[in-house]
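Look at the two complexes coming up: chain A is in both, with chain B in one and chain C in the other.
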Partner chain A sequence: MGCSQHIDATSVTEAISILQSQGDKAVLVAGGTDLVGMLNNRLISPETLVNIKTIPGMDYIREYSGGLRIGALTRIRDIETSAIIREYFPVLAEAAVSVGSPQIRRMGTLGGNFCQEVRCWYYRRSPATGKTFTCYRKGGNVCYATSGDNRYHSVIGGKKCFAACPSDMAVALASLHAHATLAGASGTRSVPVEDFFIPLGNILKPGEMLTEVSIPALKPGSRQKFLKFRHRKTIDFALCSVASVLEVEAGVVADASLVLGGVAPFPYRAKAAEQVLKGQPLTEDLASEAGAAALRAARPLSLNAYKVTIGRVLVKRAILGVDM
Partner chain B sequence: MSELSVVGKNVIRLDALEKVTGTALYAADEALGEPGMLHGKVLWSPHAHARIISIDISRAKKVPGVEAVLTGKDVPEARVGSCVDDQHMLAREKVRFVGDAVAVVAARTLEAAEEALALIKVKYEVLPAVFDAEEAMRPDCPVVLHPGLSGYKRNMYPYLGNDLPGPNVHTHHKVRRGNVEEGFRQADLIVENRFSTARISHCQLEPASSVARPNVDGTLVISTSTKSVYTGVQAEVCRFFGLPPSKVRGVTHYIGGNFGSAPRAHIFAALAAIRTGRPVKVVFSREECFFRDLNRLPMVIYLKDGVKKDGTLVARQIKLICNCGAYAQITPLVIRNGSFGSSQYRIPNFRWDAYGVYTNEPPSGAFRGFGNAQPFWAMEQHMDIIAEKLRMDPVELRQKNLIAEGEENLRGEKTHSMGAAECLDKVAQWIGWGRPTSQPSSNTVKVAKGFALANKYTQVDTIASALVRFNKDGFVDVFHGSDEIGQGSQTVLAQIAAEELGVPVEKIKVIWGDSARVPYDHGAISSRTTMFVGNAIRAACQDVKRLICATASPVMGAAPEDLEARGGQIYFRSNPSKSMPVSDLFLPGRATCLPHDAELLGQGTFFYKGYSDGDPETGQGTRLTASYCYTAHAVEVAVDTETGEVKVLRFCSATDVGRAINPKLCEAQSEGGIAQGIGSALYEEMLLDRGRVLNCNFHDYGMPRMTELPGNHDLKCFLVEANHREGPFGAKGMGEGAMTPSAPAIANAIYNATGVRLMDLPMSPERLLRALKAQNKEAGHKSGPL
Partner chain C sequence: MSGKVTRLVLTVDGQKYEVVARPDATLAAVLREDIGLTGTKVMCEGGECGSCTVLIDGNPVLSCLTLAVECQGRYIETIEGLADPISGELHPLQKEFVERSGMQCGICTPGMLMTAKALLAENPDPSEDDVRQALAGNLCRCGNYKRITECVLAAAKTMRGGER
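What follows is the complex of A and B.
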């Protein structure tokens, strides 16, 4: 792998100071389920690996005034099995169990799930194949997917890069209006989860790291659903996913939060669909209408229009609480 | 025949203990930490088609630890190949696909080899490329991959090079029977469609690995993962490098799956070993396997069928355009042998034209089914289309047209060992054909059943030899040249020897995998090991029994023909209660017996004397195949019409194996075939962008996982035993047929569920949604005028 240094960080402050002093020559590693593949394929060649697993106290699921704080080092498996998450935020537990495989969920962390790289096969291409693609994401000036095979790419919000955001956790957490806490040398800041992701990566500045995700209190009795469509039922990333959180009072949708994954470079909040639902009696027709509204902004590439069709169906089914 | 005691029993695999304890050796285990060993790495072409202007290796050679940097000028002048000699081991003037080999580096460490590889500077002039076989086939195609094709040497079936319609066509295979025009005139119904299949990868678990060691006596010892230690290693290396067989020794260990893949890492290892005089190891990465393994040949299939009102097939015409990639490799044979499958039905008028076409894609080759699964994809959907149009039951339509025992098939062969009808009945009964589905359809999820019947021949023109040594402790060593590629052949062969000798299978030791130590065999290909090697071993066992009786004759005071050797004893035929242990023949001091520690050796060879090559113009012959294994698949699927997702709910196979030597192993082959068949039907396709494989890893490539396969009570594999008179105890080959009917069976079920017929593989959600949309549109048009 060619890394010359491996540092076990003992505090967030230490990790940040290493990131600050070494710039992009240092990267953080926790579960490593994505990073090791990146290193093997030489997508990154850092000089220093900063192990943050050794930072105490970053692995927690904690209640606070009706909401929840989850440490960035919390493993996906712990989110999947947390009694409190299963009871109050089932959409998050459903998203967690859909991630990768049991092995990956036991290694991978919440922070890593956010910070993992996209699955675009042009970007990921291994040097063992003879030639790689220098795309926008790698500092080039072209997206090979737009003129190539883009069946798994974004239908909404692509800009320069059209790879889809691979994080399932972010989709569920965005539907719960969660915020991500970013720590840097000058303190911390908090951003809505869906704003963490941008087409060429995320908003982390050099020397910043993700430390926590917080979920605000939720009215009890909300209807939550996470649906994920993929080619095979395990391990694969979402071709399209939907997290929906609805407050329904006497058959009428009082509030709705709908976020789609796999269709955009970020968790896509389907605001138009939320508006369609709010204040209306929850019926199958309304759910279909919301499905159509959710994908109205879609501008599919040459090979991925099917994602729009599937997205509409998923939104409808998630609203109705139907399983795949 | 007396009752069988070992054949037909579920003997535990001989390799089970080694494999579950992790002690089994594979090719990659070879030479670990061996002093002086070099690591070989290959530089692949990044372009689909380009002229090599220059190669600068000066910087690469200076990397510490690098012992050799070899390019096209270091390889033999002559082109090499399997059927057509169309390739230099390392590209000389041109590269023709992304993955064409350009240079080999051998270095003391893998890191040094990789560093050197990156420092080789190749200047290319990029040329226009062609990827579509129908485009490449046109006589006026502006891209010509091999302008020298007509002068290339053909090693096998040279007649396949006749009547080529375009400069990129290397193979034209013809079958003619009756007169199809006349047949179509007689037909009451004509059905005509275009089908296509995808390029798919074997995905055997073990990536190619090879070590080549130059011995001080001038012998090159090559240890590699291949399916045939003689033909795949020794013969090939001899031909490629102009060496005599005595100078090349092929060695194999256990092989982690094969399915027809032929990555030939050993050619690069051998090249570097010859040039450096040092052992060289080459291990391919998974990515490299994807473009070097010789994937399954994609075909475009134009099928036209003529049928009478009562369902009698009267004419079938097939045109196949095969995208062979940049080099012919074994594809001319795949194309020729892919034609055998169609002989399962009685078709008086038949015309087959299959074309092998060069394109700038990675070369294809053998893949479980060897060219038969692709035409079946079309033919077995057509049987359902015809049945529906004639309002016939599709089981009945097939039964009606099945060729019968003793009948001459459309290639001129006399049909024998025909279990297809029973296979069809078995799967139809298990799936509950004509009865309700296991779960009802809903508004959005449609449940239905479908099935298909197919077969796979076993190659006739090969040979197998075996040696048997009967030891004084009653153990028996069996030596043969076929490889263990995971299918369990060693266990089956031990059972055949045990049965023939009447000894417990625990007393049989099977030795294989070294051309210096075991007799010749053509290899673990074409579902031939059980029949060919099994027969050779059986003959060798009979030979050693004769020797035992002859040796015992003077001791026991009886003529050899009055004695019988069985179970380690020698009996009087007239009085079986009187016997002598075979081990007594080894007793020292009995001058009439074997001299001290001498051996009891038997040998046997099996081949077909009367096989025929087939007429080049008509494909007709009397004995073109050794046997046919028939396989029927029936499946129940749930199709989500809103998302295009297809779930396989239940799956049943019935396979005519002649006789199951080891039923559990036959079932395991069937189950593996079903998994691979489901993959080929619904998920698998090598996706290429301008010749580059995009999904060349197990994450992006769609092999089914356990979650995509039915299990427990939803999966059933029947074995049918239409004994083959030439097979050992009636057995015939079965492994390759195991996935040939899967894709059309699933397509037929999807049609029955949705009314949508998919003619391109794989049947992905994208394709299904598009077809459903078109169907809705059409329905909309139909109701439009109202």
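What follows is the complex of A and C.
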């Protein structure tokens, strides 16, 4: 037992075959900003560390017929500073610059951002402190947040586990209708970004990894905005965030994509709010109405109803394109 | 703690060190505990404070979240290598931190200096806002941010040759 080897993978096939032969004894290491923290806190104790940064050709931002393909090993900082992304997909650049700190963005990758573990303080409690909460995620049968301190947990869509999805990139990419490509031994599959996340983690099967995220072409001139509410502006996860992509023609909303973060175990697509907007003249009242609709499904826990209030306002501001 | 150990060769501040470490050992732990370079500080071990920042191939990186085995063949710079190795003369950033009281307790200082060094290599003439953005991942629990920013701006000026 204990960690016994570190392998520099040289291909996706190699990384997958190690995952398949070793099961949950092996973990992938990308930028390490989440994983090494988990190791330091003794929350996981893998036998094999598989470094995927050594796989060539997985760090790219590439245009294809108006859309974009982004490799899983692309650093958050490269997304934040990409001229193409700033110009055509500003909602993604705004989400990227909001991630962690400058150091985290230089180290952290897109794939790791999607696959990072939740920040629930019961789940993350280090056994080195002498106390462990064996919750659903750890194979137990209780979510300590439901009866405990749940101020940072989900208000929508919690099922067993109420931890909120921590990924800012996924929220922006879902608003752009992006797909994630997953590679396994039997080939690859592609899923909409919002379907990648499920209440107890993600849909990766044992022996699968994320290789790419692709954004379809957008009609030029869409209005995009990412807003993120957090305690500390310099470095913090979202208490609530919104990514909005609107097509407005002659003052009327032709199409709308609205996704919320920090409120659910997955990037939450506010379909009811999208419906409120579609076909209507874009006014401040309409934006308020969409804000209310976006959070209508919320069922707050004892300490997090404030997220509903913040979410309504953020949705309204994102639609109107104003800053926080 | 169990687990196998491996032999690593790391280049730190221009010097080669051979150490024996577990595959999951962090660079921060190896620098401090195996090599004995304790200038690099560790406050949170979780990426939140930036006090463990070192440069790898010129990039500011959190050594508490970096696996030591992955640093072989890379150029690692720590606070111990910031002053001139021969004359011992302090780096302009260090001089300003001394002269303008850039530190109070000093725990955040090595990380601040290394992050600032990387900034000035990329941008020799930063605005105050550039400095604040670059240091956003470095927590100063003494709240000395204003002076730290002034020190970096003053050092930048000296390094540009004193103009402006």
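Here, the second predicted complex is superposed on the first by the 322 of 324 C-alpha atoms of A that agree within 3 Å, B and C clash if a C-alpha of one lies under 4 Å from a C-alpha of the other, contacts with A are read in each partner's own complex, and residues count from 1 in each chain.
Note that a contact is a pair of C-beta atoms (placed from the backbone, for glycine too) under 8 Å apart; a residue touches a chain by one contact, two chains touch by 3 or more.
Computed from a predicted structure; not experimentally measured.
By the touch criterion stated above, A:69 is placed in contact with neither chain B nor chain C. Look at A:104: by the touch rule set out above, it reaches chain C but stays clear of chain B. When the two complexes are overlaid on their common chain A, residue A:29 makes contact with chain C while staying clear of chain B. Using the contact criterion defined above for the overlaid structures, shared-chain residue A:278 touches neither chain B nor chain C, since it reaches no partner.
Of the two partner chains placed by the overlay, neither chain B nor chain C lies in contact with A:86. Applying the stated contact rule after C-alpha superposition, one finds that A:160 touches neither chain B nor chain C. Touch criterion met: A:148 reaches chain B, while chain C stays clear of it.
Touch criterion met: A:39 reaches chain C, while chain B stays clear of it. Looking at the shared chain after the overlay, A:189 reaches neither chain B nor chain C.
Taken together, the two complexes place residues 234-235 of chain A in contact with chain B and also with chain C.
Put simply, chain B touches chain A in their complex at residues 43-46, 98-99, 285, 287-288, 291, 640, 642-645, 683, 687, 689-690, 692-697, 699-700, 702, 704-708, 764-766, 769-770, 773. Against chain B, the residues of chain A that register as touching in their complex are 119, 121-122, 125-126, 128-131, 144, 148-149, 151, 229, 231-235, 239, 303, 306, 309-310, 313-314, 324.
Within the complex, the chain C residues that touch chain A are 1-4, 6, 22-24, 26, 45-48, 50, 53, 59-62, 64-67, 69-70, 115, 133-134, 136-138.
Chain A meets chain C in the complex at residues 1-6, 29, 32-33, 36-37, 39-41, 46, 49, 51, 53, 100-104, 106-107, 234-235.
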